[in-house]
Every structure is written in structure tokens, then in C-alpha cells.
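Before any comments, here is the structure.
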Amino acid sequence: MYSEIIKNLKTDVRLTEALQACMNCGICTAVCPAAEFYEYDPRSIAVSVQSENREKIIDLLESDTIWYCGQCMSCKTRCPRNNCSGLIISVLRKLSQETGAFTKSRMGRQQYLILKTIGNNILSRGYCIHPTTVVPETHPEQGPVWKWIYENMHDVYAVVGANLDCDGPGTMRKINSIDLNELNNIFIVSGGMKFFDTINHFSKLKAIEMGMVDEYGEADMEKYTQYLLQE
Amino acid sequence: MNDFSYLKPASRQIDFDKFDDRLLLYVLKYELSFATCISCGGCTATCSAGNLTNFNVRKIGLWLRRGETEKLSEEIGKCMFCGKCTLICPRDINIRNVILLIKKRISMLKTEKEMP
Amino acid sequence: MIEKSIIIPFLIGLIYLSIIFIYRFTKWIRGLSKLDKLRLMQSLKSRRFMLSLKEIFMEGLLHHKIFLKNPILGYMHMSLAFGWFLLILIGHIEVMCAKNSIFVPFHLAIFFRYFETTKNFAFSGVFSFLMDFLLLFVLSGVCMAMLKRFKKQMFGMKRTTRLKTGDRIALISLWLIFPLRLAAESMSANLHGNGSFLTSTFGNFIGNSGSETANFIFWMLYSFSLGFFFIALPNSRYMHIFTEMLFIFVRNAGIKLKKHNNTFTDIQVYSCSRCGLCLDNCQLATAGINNTQSVYILKNIRNKNLTDEQLFNCLLCGKCEVDCPVGINTIDLRITQRIESTLQYNSSYSYLEDIPAQKADVVYFAGCMTHLTPGIISSMKKIFQMSGENVWFMDEEKAPCCGRPLMQAGQYEAASKLIFNNTKKLLGSNAKKLIVSCPICYKVFKEDYELGKMEIVFHAEYILQLIKDNVIKVNNSNERIIYHDPCELGRTMNMYDEPRSVLQETGKLIPVKNEKQTAWCCGGSLGNLKISQEERTILRNQAVEDYLQYKPDILATACPMCKKTFARHREIKVLDISEIITNSISKPTEEKITKQKTKNKIHENEFV
Amino acid sequence: MIKNKHVAIIGGGIAGMEAAAVLAKQGLKVTLIEKEAITGGKLNDWHHLFPDFFSPKTVIDNLIAKTNHSGVNVVYNTEISKIEKLNGRFELSDERDTKFYSDAVIIASGFRLFDATLKEEYGYGIFDNVITSVDFEKLMKTEGKLLTAQKTEPKRIAIIHCVGSRDAKTGNTYCSKVCCITGIKQAIEINKILPDSEIYCFYMDLRLYGLNFDSLYLHAQKQHKIQFIRGRLSEIAERFDKSLQLKTEDTLQGRPLRINVDTVILLIGMEPGASNNLFTKNNKVTIDENGFMKPINMHENRNSSTHDGIFLAGTVICPMAVNESIENARAAAFEVISYLEKNKL
Amino acid sequence: MEIKSKIKWSEYNKEIAEDHFFFLRSCIRQNFNPGAEKAFISILKNNLKKDIFDDARHTTCTGIGYHTDIVPFETMQTMIARQFSLMTEKGYKNCAVSCITSFGSYNEILSTWKEFPEELAKTRDYLKKATGREFEIPENLSHGCDIIYKFRKEIAAQSNYKLINIETGEPLKIVDHIGCHYSKIFPEKGVGGFEYSKVLTEMIQAWGGQPVDYPERRHCCGFGFRQYLVKSNRSYSISNSRKKFESMEPFKPDAIITNCPGCNMFLDRWQYTLAQIEGKTYGGGTNGIPVFSYEELAGLILGYDPWKLGLQMHQVDVEPFLKKIGVRYDPELKFVGINGKYINEPLFTGCLK
């Protein structure tokens, strides 16, 4: 699964942009919000990728580490060599998902959850997020005002002049089927759909590997989802 | 009331203002040569214990300078005192004594119940 | 009655002293472990009792060892100790003769000339002469002691101990005893003519100014000085005079310190006379370290103010132990203090995973220090290849420490963990022999490991055997070789001859002044945790400069630590015994090589 | 006879003065053209030289004495902006069209200091307690003490290495070479006047190339308790109490690190002189990719520009320390002599 | 390629189009501050008399999907190309982007196309195949805040209120928070660059307030895409927000202004959550520091009704701020439904009950 891993890594144009030659100064880690919170050091990621050491890179692909980045790109601004650890991370994450390595780490497996929410929202609604998906029970941090909005969604949005789930332009309008169709076609043509399938595929394999199967021996993805939420 | 147990605000950042210098000052009082450490890692490379586990002498020095008392007390017991680090050190730091002093101070802290 | 009062100060002192003595001796003996007590009892019944008595006589009274080392100092100590002893002994015999009885009051001999004013008993003239002679003998010692205090160089001593108040009182009263006795007896001789050549002469010198009152006063002062001395004695270094006797019995019973303090520590501490011989021999002084020598450690243990800075600033080279006239086990004692001071230190070696033991006939344990001298490792590999034995190089990759450095740092419990782990692996190999090339490891394997029937062989012994068995043939290059005795091998393990025998095969071994028991420490010692690198360099240079006088081609060592230390000196070529041997091995003939090859098939894979 | 030949030297800094003195002593006619009213250049602002705390004033005074003694014609307040070769001779002119003629030219116009305001995230010019290494030298020279903007003694001082050097963000990707040792020297100076202060150096690599530079580093650690933290400073921000919050990574540990200090000193690097570009216009003098004057080759011909007869001395070529600059100028002078000898017909 | 930039950022100004904008909406803004986008269009159309086109057909740019790594770069490029195609179709050349994530993504893609023309060709090809569409690259791409910044003085001229405490006459202290993707990736795409971006501070100044610098001004709010979106990772988010609040606390700001839809919501919500967990509020009493978007603030000073702007959708109560600047509003109408109909009220507002 990792044959030509280095080659695949280097063909991503983003890596050409993101990694010149790192001089290990640590300016990226200094401002990194992920380093603030996780056992995470973007400098060492850049150094590992720069080393082109197969073992190190495979370790990264299978680790939680690459999933710690919050993609704020603060690292980009300060780098004295114009590198961007955040973008290196994007490349690694893509590779991790293409190879299935992401299912080997707890943080990596979460990609399935994101696919199920954000991915689903994009394809079915044309939005990354929709108010109905921000359920107060799973988002207690949204607070009592959001709960009130959620419970009185129609009225609250209307009062501020939004066009919630209605035809025509405006805030939070419904994206009509022609546009959704175009969106879906773009996903099919540009490889987005294939990528979704890949994430699904490896997640199912993982579910089976973990013994989460239904009576037909198929992966029980509901169970897997519950497992990921608890993990 | 909402359950926020899933949220644990924390910071890994080293905050120099909350620097625990109890160990460092003690070590420097009796082993001034430690001040000259350049974190070259020669000690770690030769370390007998480091050969067997993730014990890292360079980091011991670093933690000492950063006041990481807790980490030091977890890690310091792994040292075998073989003395190779001291022989290797390009700055001639008496690392064995540094380790001994750390152990001493930690044992003092424990009896004084000063441990964090 | 007033006359008799002169004995009161003396008596009070004596009673006080006796009480303290009985208390202390009882406490010390009771404090010994059951086994040690048994040992002591048995030794009293055996020949050792006589040995101890002899030793007490030879050392406690004659100070034979000091005499050998420094005759002037020996005479000083002897005149004081033996002279005083004889004064008491002859004095008693004199009293017995005078009273014609064996049972006489013990104090009478002390104040005999005061109470016995006549000279009308048998041999009285002889006795008074003898007593005067002995007093002169003792006084000569006192004079020397005073001189030594102020002009130590006259006694060939570079350093002498510093005094504390208790010692000072005792010292002054001791110094006063004999001059006052001389004065008092001279007074009596003046009044009663009961003196001999010394006291009479002094008595005559006083002439008519003598009186009963003056006589009484001087005898009283004499009594006071004795009393003072006795009272000061338990809190001064003179406590050693009596403690040493007990110590000799205890030591000769085979009692040793077992990694923790017990009353044997106290016995040793109180046995130290603070003669200061350990100061002169301690190399640390060369580097300007002057407060960490054994005498100070003993004193500070007694005063309970021992600091880590003193305790751990010692090379553990053992030179002080060799020289100690009392025979105190300074190294054991110091290590025990280190153990006591580090009891609270934690250690955890859970990472010492079970590396599976490899079955072999012979195990080679290189040790940490040897890993820093790869020349020794490759030489040992060559030697093993030639020996044709089935050798397992135990710490080739995953190399745990032997535990000795931890021991030296006092962390006995931590060391035990390493020892436990290594023992398991060693026993798992089913080997008959364990070969080590580092004296530091050798010592701990010999002393602290329980390896059953496994023989622990130092590489010099092993190489010597191979040479004897004609497995290794070496050329004698006639190079001038000095052999440096490593502290951990020589003084503490008594291995002097094997390395020399090996070296004699390859070159010309030059004897040097400072060798064997008096050999230098290289300065690299792991035993010292406080010494700075600059100070180590001073010690090393001291040794190297001494060796360089003999113009050696090679300085041979049998210790990787010594090698590493000496190697930092640019002017001397240092090699380990194993390296010297492999350098001088005669090239085997073709035939032999093929023979060897078939024989050593397995090992070539391992070591080449 | 080359004795009648005329040499013009642009720049009356230490390199220009040394070259001028050497040439004049050989009997040549030398004109030293300085843009300021005094010679000595940027060294005039300096307090002490590394690594032995030598006085720069002595250096300048000796050079001035040397030039005066050997009869150098020093022209002040003149900034050459144009060099042209006319009829085998060089014509140098300034903005006011003052003209000088010579048979050979030495460009010794020196360097420019990095403008620390370009490194916005370090807050120079924004926060009062951020100063540069040059400000520090001036302060030491004029007042001999270091105070915060609030006029208190700083308790904690941070010295930041590589400001405007080795940084694509400021366009300077080269190493200025002298800053590391300057930082250590200044740290020691601060410790001498403020013995109770904590001093931190934030560095990427310590490039201590000179003899005794490393021993000064050791000395700083041992005797002056200077702490060295390996991590490039990311940003400086002012706190409510006007102290400064610094963010870096403790790269040896791999953890972000925050420290509050009272004063920050930025070790600013050397940049190519502003006039370097002007000189390339009317002749074949070229500059390298960093903007410094380009020698024919940097190994054997460092003093010869790519134009025959125009020579280079000192920091127009690359960042240099004082002693190197002077030696380099001396070498340039001999290059000029051999050029004139060769072309005497 | 190493860029040898010697830009003096304090003197740097980016180009912002004058008129005729094609509006590109933000997913998060529409979700959490729907009134703000409505106000933005209104300000441009009614107050500034500009032409802005709101096309019903445009969709998400998939930026959140891209940064959560489920949407490949190629797909996002094509999705954005489709937005451009709609713009081209309507005859517009200037984009007005509402979302900071989108803004970053658009810029990243424009830069990629410049640097790697083969990527542009590939995207054209994909879009053509998928939708039959073609597109032109916009002449100008501005964020909503850029446009408000450009016309800040015109807005000030028309304003009913100033960011001044009407009781004391002192300017209000306002801290700004710039969304990371506004200028961290491409400093030259932001007004005044990145370190001291002027886009919000000069708005504050123009409207009478006093911008306040604080140490963690540039620190990320902590959204972190997957770090917030997956519940078990949310400690990352709250930890980083807390870092900001702790740092701004000593300066006692009257409000926070943001230009990013995500930051706006998070800085509002995390104050509530932190108060619940740690019992600490940063705004004094039980309330937090109110958080406004630039459109909301512009709308407020222009006299828009706070409840039409959607300020009731904030967890932190805005009323103390409204009182400070003297905005007239009807507290009774805060939580009413359509046509003034009574609906429930939230359990409580502010940070602590």
C-alpha cells in the first residue's frame, strides 16, 4: 500500500510550494495553536518530510500527529524560508487517506465522521454546514441562545431577513437541484467522489477488521460511527 | 446543566513566568559547569540507559533549565550512572553530579512535600 | 585527709571515663547484628584472640605501622602510648613491691611518689630509675608532639589534621600531664629525696624554695590534668586509644559493614586517631581538595555534619585504607555513608527488557567504559577468535551497566536492580565463565553478583591462560612498558601479578616507584562524583609526569577508564593489555589459519 | 612611475581609511571621499569590539592619524553616485556634479544596517522597549546604561539573533556573520551593568567563526549566566504593563515557549550599501544576488570588481568584522599598486 | 521559489474594487449570523449605492471540506471555478467574498493557477466536462471587510452613532481579531499585510473607537476545522480561545470585532462555555465581551435595528454595548418571532446565569 509513497508525495504541487529547505528554526511551532495544545511540533513534520525517509513518512501517515493541525496557516506567515507546515500536512493527510493509513490512528479515523457530516452536507445541500445539523445535544458549547434559535429556527431566521430553505437568493436559501447536480458532477469529474469512496472503503475495512459486522458479514457502519464518537 | 466534561482547556506552552527554578538553582549551586551546556546531544548519543529506553540526558538538562520538575522526577530514575556522558561531554560538564544533585533535590522536595 | 584529696580530680575523671566507656562499648557491641555478635564470641575463643592481642600491642602501643611509614612519627606515637603504658605497668609493679602485696589500690601507682616518701623497699632504686627513664621517654614524645603541631614538615608530613574544641582541651591536658608529673615528682624528690636521675636533678634545681604546699599544688595540678584529660577524652580523638582495641577484636572477628550503618560504623569512627596519614597519601590534595579525606569524613560522621560535597568527593582509590595504621575500612565506610545518604533516591529500570540470553560456554561483558574504547573490544574479539571458544558478547548492542558505578554513587538499591537483571541473563546463558575487560565491572561481579559456579575471569587472567596454553603466541618487542595498576583491580581486588605476567611476554616491563599498593590513581575514577575535569587533569598529569621519567614506550593499563583518562594526555602512548597482546601476536602460519578457521566457524560469524 | 598616479577611494570608513593610508605611504596621490562630515563610518557609533572589548575609538583614531600622516586628501560631505571611465581615466561625480579624476578606484562604501521596522512582528518602532544592537551600542557609548522606556532597570532582557538575516521574509537569505558574537558580547556587557538581570539569547545556530569567539560563549554561560534558547523568535507583543511577550519554540524540546521580558535587543544584520546599485550603472561593476559588490572570484581576487581598475574593500563585498575589513582594505591597496604597475605605460 | 520581498507592510495597501461586486456567501456566516450578510448587501446597496449581485445559484466553495481534508484540491478548484463561471455569466469581474476560509481558498487557487498554469488548464477541463461551463479569472477579489474598509469614511459620514461612550465621551476600546486565512497565507492580500493588518483597526478609528493591541492578537480563535467539528477534539478550540481571552483581559475591551464568520461565532460561544467550566467571565459580571462582525458594527452605527441585524443570536448580551454608544432599541422585541409574535426565550443569555 505504500509503494511509491515518496513519489506520490512529491507529485503533489502543494508540496513544491510548501517545502523549500527547512532550517529547523522552530518559528512555526512557536505560533502553532496545535502545538499549544497537542504533543505536536510542525517543525519536526517538515524535517521528517524533508528527510524523505520512508519509515518516518509512513509513521506519520499512520499516526495521530498529522491530524493535530488546525489548518490556520500561521506557520506560513513567519517561515524564514517561505515554507508552510500546514500545507505539508494537507498533502500528508491526502496521502494517508488514499493509502488507508488514516484508519490506523484514532484521530485519522475521525475522517469518516467528518465525511458523514460535512461531506454529506456538501453533496445533499450545497452547504458545508446547515443549521439543522448543529444539534444542541451534540453541541452543548453552542449555549442556550443557539438552543432557542434551533427550536425556533423558522421564525428567528425570518426575523433577520434570511431566506432559510426557500427558493431564490438570500441567506441560507435552498440550493436548487440543477445547481446541486452541477456540484455532484464536479465531484465526479474532479475526483472528489472517488475520494469520498476511498474514505468510505477504508473505514468499512477498518470496521470489519474491528469486528463490527452485521448479520450478512457487511461492515456495520452505524456501530463504527458510534465507536468513533466514543473513542 | 450541560455536560462539558468533553472539554479540557489546557496549554502545553512553556511559560517562563511560571518557572520552577528549585532544581536548577540547587544544581548550579553545587555544579556550576552545568551552565555551559550547549545541548549538543553527545551525552544522549552515548548513554547506556538511552540505548535501552527513551531516556534522554540532553532533555534532562533541558527540563532542568525549564523547571520541569515533574518530568525530571519521572525520568531521572532511569539513569544508570555509568558516567559515559561525563566522559563524552565537549564542555566537560560533570553530568553524573548533575544527575545526583537532581535526585538529591527531588528526594528533598518529596520529604518537604513541595512536589507539584 | 587533705593530702588524700589530690586523687579526687583524677578519680572523678576516671569514673566518668569508665561510665562512658562501659556505656559506649555495651551499646556498640549490642548494636552489632546477631551474626556479628556470634562471630565476635567465637573469635574470642579462637587463635584470633591472640592475634588481636598481638595487634593491639604492635599497633596500639608500638605503632608499628606508623613506624614503618615514618620512624619519627612512629617514635612519637610509641613513646606516648607505649611509654605511658609502661609507666602504669612498672608503676604498679613498684607499688606491689613496696606494699608487698599483689592487691594494691590502683591509683597508688599514679601518685606513688607523693604518698610513698621513703625508698626503703626492694629494688626501689631500680624502680625509681626506671620510672624516671620512662617519664623521660614519654616526655620526649610530648615534646615531639608539640613540635609537630607547630612544625609538621619536620616530621615529613605535608598536612596535619585541624582541631576542634574538644580535641584542643584533651590535647592541652594531655600535654600537661607529663610535664606536671615531672614537676610534681621533682617537688617530692626535693622534699623527700625519693627521685632518681631526672626527678632528683630537677628537685635539686628547685633547691630551698620547695615546700609541702608547692608539692601539694603540683600534685593536685597533675591530678587535675589527668582528670581533665579523662573527661575530655570521650569527646576527643583520644577516644581512639581504647576504641581501637575493641575495633581490633571486632575487625579480626571478620565483621564488615554491610551497606548500612550499624555500631561498627561508630566503632571505626571512634577508632580513628586522626593521625593524618590518610591526608598525605590522598592524591586529591594535589588538586587542592583538602577537606574530603577519610579523616574528615570519619570526624564528620562522628559530629553528624557530613555533607554530600565531602562524601562524594573521593576517588575511592583506596590509598588511605592501605595506609591507615588503625586499619579502618575507609572505602566501605564511605560507600555505606553514600548509601545512607541516597536512600530516598528513586530509580526505575523497568525498561531493562528481557533480552533473551544466548547459550554459550563463555560470556564476554565489555561494560560501559569499554564501549568508549573500541580498541579493547576489537582486541577482545580477536582474542576470542583465537581461543576458539563459544563466546556470547552479552552487551554488544543492548548494553546495560554492571551496577558498580551506581554502587560507587551509593545507590545500592538501584544497583541491585541492574545486578538482578544481569544475573538472570548471565545464568540463562549456562556459561561456565564470565570474562570482563573492565576492573570496575570485575569488582562488582566478584563481590556483589551471585553467579553460582560461573567463574569470573578478568581479561588479563584469561589472556595469561591462553598464552600459557600456547593458544596465543606473542612476540616480545622489547618495548619499555610501564604497567599502571587500576585502583579497582589492584588495591581493592589485589590483582597485581597477572597483568604483569602478560606484559612480560610482550615487552620489557619497567618497575616504577609508585606501583601496586602505592600506585597512582589516574584521576578518572567513577567513584568521585564531585571532582571537576580540571582537577582530574591535575591528578592525571601527576601520574603521567611520574611515569614519563622512566621513558616508557607504552603505558599499559588494564582498565578502559584509566586508558581513556590517560589518552587525553598527548605525550604518552596508552594501550590496554588486550591491545598490546593483539598487536604482538605472532602471525600464524597458513596451515594454522585454516585450522583455526574450521575450529571457529561459529565465532567468525559472530565477531568478524 | 606610478608615484604620479591618482587613486580615488569612495567611503571614509575603516576600510577606506586603511587603503588610503597604505597607498599614500607608497607615494601615490590618494583622495578619500566621505559622504559624512567625519571619517570612521558606522564604527563611530560603536562602544566595544568583540571578542576582547577593544575600543573602536582607538581603531578610528589610529586610522585618522595614519591618513593624516601619509598625506591623504580627505574630501568630506561628498557622496559619489556615478563612476565612469573616460579616456582611460575614471571620472567620479556626486549629485552636485563635483568631479574627481583618478587612475584607479577603490569602492569602500561599506554596508547598510538592516531596517528592523521591516520585521514588523518584532515591533521595532512600535514598542518602545524593542531596540536594535546598534541602538544598544549607541546607548552604551553615550549613557553607559540600559533602561526600559519606563525608566526602570530591566529585569529580563532578550537578545534576538538573525534579525533580517537568513530570512526570505525580509529578502536577506545570507548570514550576516558578525551578529552572533555581537549578541554574546552585548549580553556580557548587560550582565556587567545589570548583574541581577536574566539575559536570554534566542538563536538558530550560533555561528562563532572566529578564534576565541567560542570561549567568549563559554564565558558568557559560565560567568555571566547568559541563557541560550534555540528557537527563532516568532513574534513580540506588548503586554498591558509595557513588558514584552515573546513567542518561540524551544526546538530542543519541540514545545512552544512564551517568555515575558522587559527589553528586547534585535541583532540586526548587514545589508548591501545603498549606493551599490548606482555604481553598476556606467561601468561593468556588478553586484551579486544579495546586492553586495561582486568580486572577480571570491577566493583569490576578492578585491577586484568585475571592472578593470575598480577595486573593492571591506563590507561592500560581504559582511565583515572590523579586523577583516582592515585587512581586506590593505589587500585592496596592494591590488591597486600591482594594477598601476602593470598599466604604467 | 524564494520571494525576495522587501515590502514595508505599514505602507502597503492592497487594491480593492470600487463597484460592481459579485457576492459570494459564507456557510458559517449564513448559519450563525444570517443578519450580517443581509446587512452587508443592504449597506452596499442602500448606504453606499453600490452594485452587488447576489446569485441564488452559487454554492459552498467546499473550503471547510478541503481543510478537513475530505475534499481534494482539484475538486475545490473546480467548485471555485464554477463560482467564477457564474460571475462571468452575469458580466461581473469583481468578487466580494463573505467568508474568510473561502477568501483564503480563492487566493490559494488563484496563486496556484498563476504558479502552475497546468492546474488552471486542468480545472477548466474538469469544469467543462462536469457542467459545460467556462469562466474568467476575476479582476479583483476582495473580502467583505476590504470593501467596508474602503468605504469606512463614507459610512462614518452617514452614521447615527459613534463608537464612543456617550456617558464619558471616551472612545470605546475595541480589540480586533483577523481570521487566519485573511492574510496569514498571503499577506499581500490583506489590507496592511498580516502583522498589523489595518483592515479592522482603521474601521474602528474611522467610527470613533480606539483599537487596542494585545499580545495574542494574531493567535487563531481555535476553530481548527476538524478540531472543532469532531466533538472529542474541541478542547483544542476552547484552549486557544481561552489563550486569547486571557491575553486581552487586562486591556478591558468593550468589544471584539472580527472579519471571519467562524471566529465571530467561536469567540462568542466559547466565552459562555469557559464561564460554565471555569466560572470566569471576561466582560465583568455574568456577561462576556460582545463580539461583532464588521458588518454588524457598520450596521449598528448606521442605525440598523439590532434585532434585524441578528444580534439576538449572540450568546453574549450586546445590550450593555448598545447602551454605551447610545443605540435606541426596544428590549421587548429581542426575542420575538415573525410579525411580532411571541416565541420562547432562551434559557438564559450572557455567560453565567
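By written order: A, B, C, D and E. Residues from 1 in each chain.
The criterion applied here is as follows: contacts are C-beta pairs under 8 Å (C-beta built on N, C-alpha and C of every residue); 3 or more make two chains touch, one makes a residue touch a chain.
These numbers were taken from a predicted model, which means no experiment stands behind them.
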item: With chain E removed from consideration, the chain sets that still hold together; value: one piece
item: Steps in the shortest chain-to-chain touch route ending at chain E and beginning at chain D; value: 1
item: Chain closest to the assembly centre - both centres taken as Cα means; value: B
item: Chain pair, most C-beta pairs within the contact cut-off; value: A-E
item: Maximum centroid distance from chain E, chain identifier (CA atoms); value: C
item: Distance from the mean Cα position of chain E to that of chain C, given in whole angstrom; value: 83
item: Gap in Å, rounded to a whole number, between the CA centres of chain E and chain A; value: 22
item: Inter-chain centre distance, chain B versus chain C - centres from mean C-alpha coordinates, in Å; value: 37
item: Separation of chain C from chain D, taking each centre as the mean of its C-alpha atoms, in whole Å; value: 65
item: Residues of chain E touching at least two other chains; value: 2-3, 195, 218, 231-232, 234-235, 238-239, 243, 273
item: Shared-contact residues (touching 2 or more other chains) in chain A; value: 31, 35-38, 81-82, 140-141
item: All pairs of touching chains, each written as two labels joined by a dash; value: A-B, A-D, A-E, B-C, B-D, B-E, D-E
item: Residue ranges of chain B in contact with chain A within the complex; value: 2-4, 7, 10-13
item: Of all residues in chain E, those that touch chain A in their complex; value: 2-3, 25, 27-28, 30-31, 34-35, 37-38, 54-60, 62-65, 67-75, 77-79, 82, 104, 112, 115-116, 119, 126-127, 129-131, 133, 180-181, 183-185, 187, 194-195, 218-220, 222-227, 229-236, 238-240, 243, 269-270, 272-273, 307-310, 312-315, 335-338, 341, 343-349
item: Chain D contact footprint on chain B (complex, rising order); value: 12-17, 32-33, 35-39, 58-59, 62-63, 65-66, 91
item: Touching residues on chain A, where the partner in the complex is chain E; value: 13-14, 17, 20, 31, 33-34, 36-38, 67-74, 76-77, 81-82, 84, 90, 93-94, 97, 107, 110-111, 113-115, 117-119, 122, 126-131, 134, 138-149, 151-152, 154-162, 164, 167-173, 175-176, 178-180, 182-183, 185-192, 195-196, 199, 229, 231
item: Contact footprint of chain C on chain B as seen in their complex; value: 30, 33, 46, 48-49, 51-53, 55, 73, 76-84, 87-88, 92, 94, 96-97, 100, 103-104, 106-107, 110-111
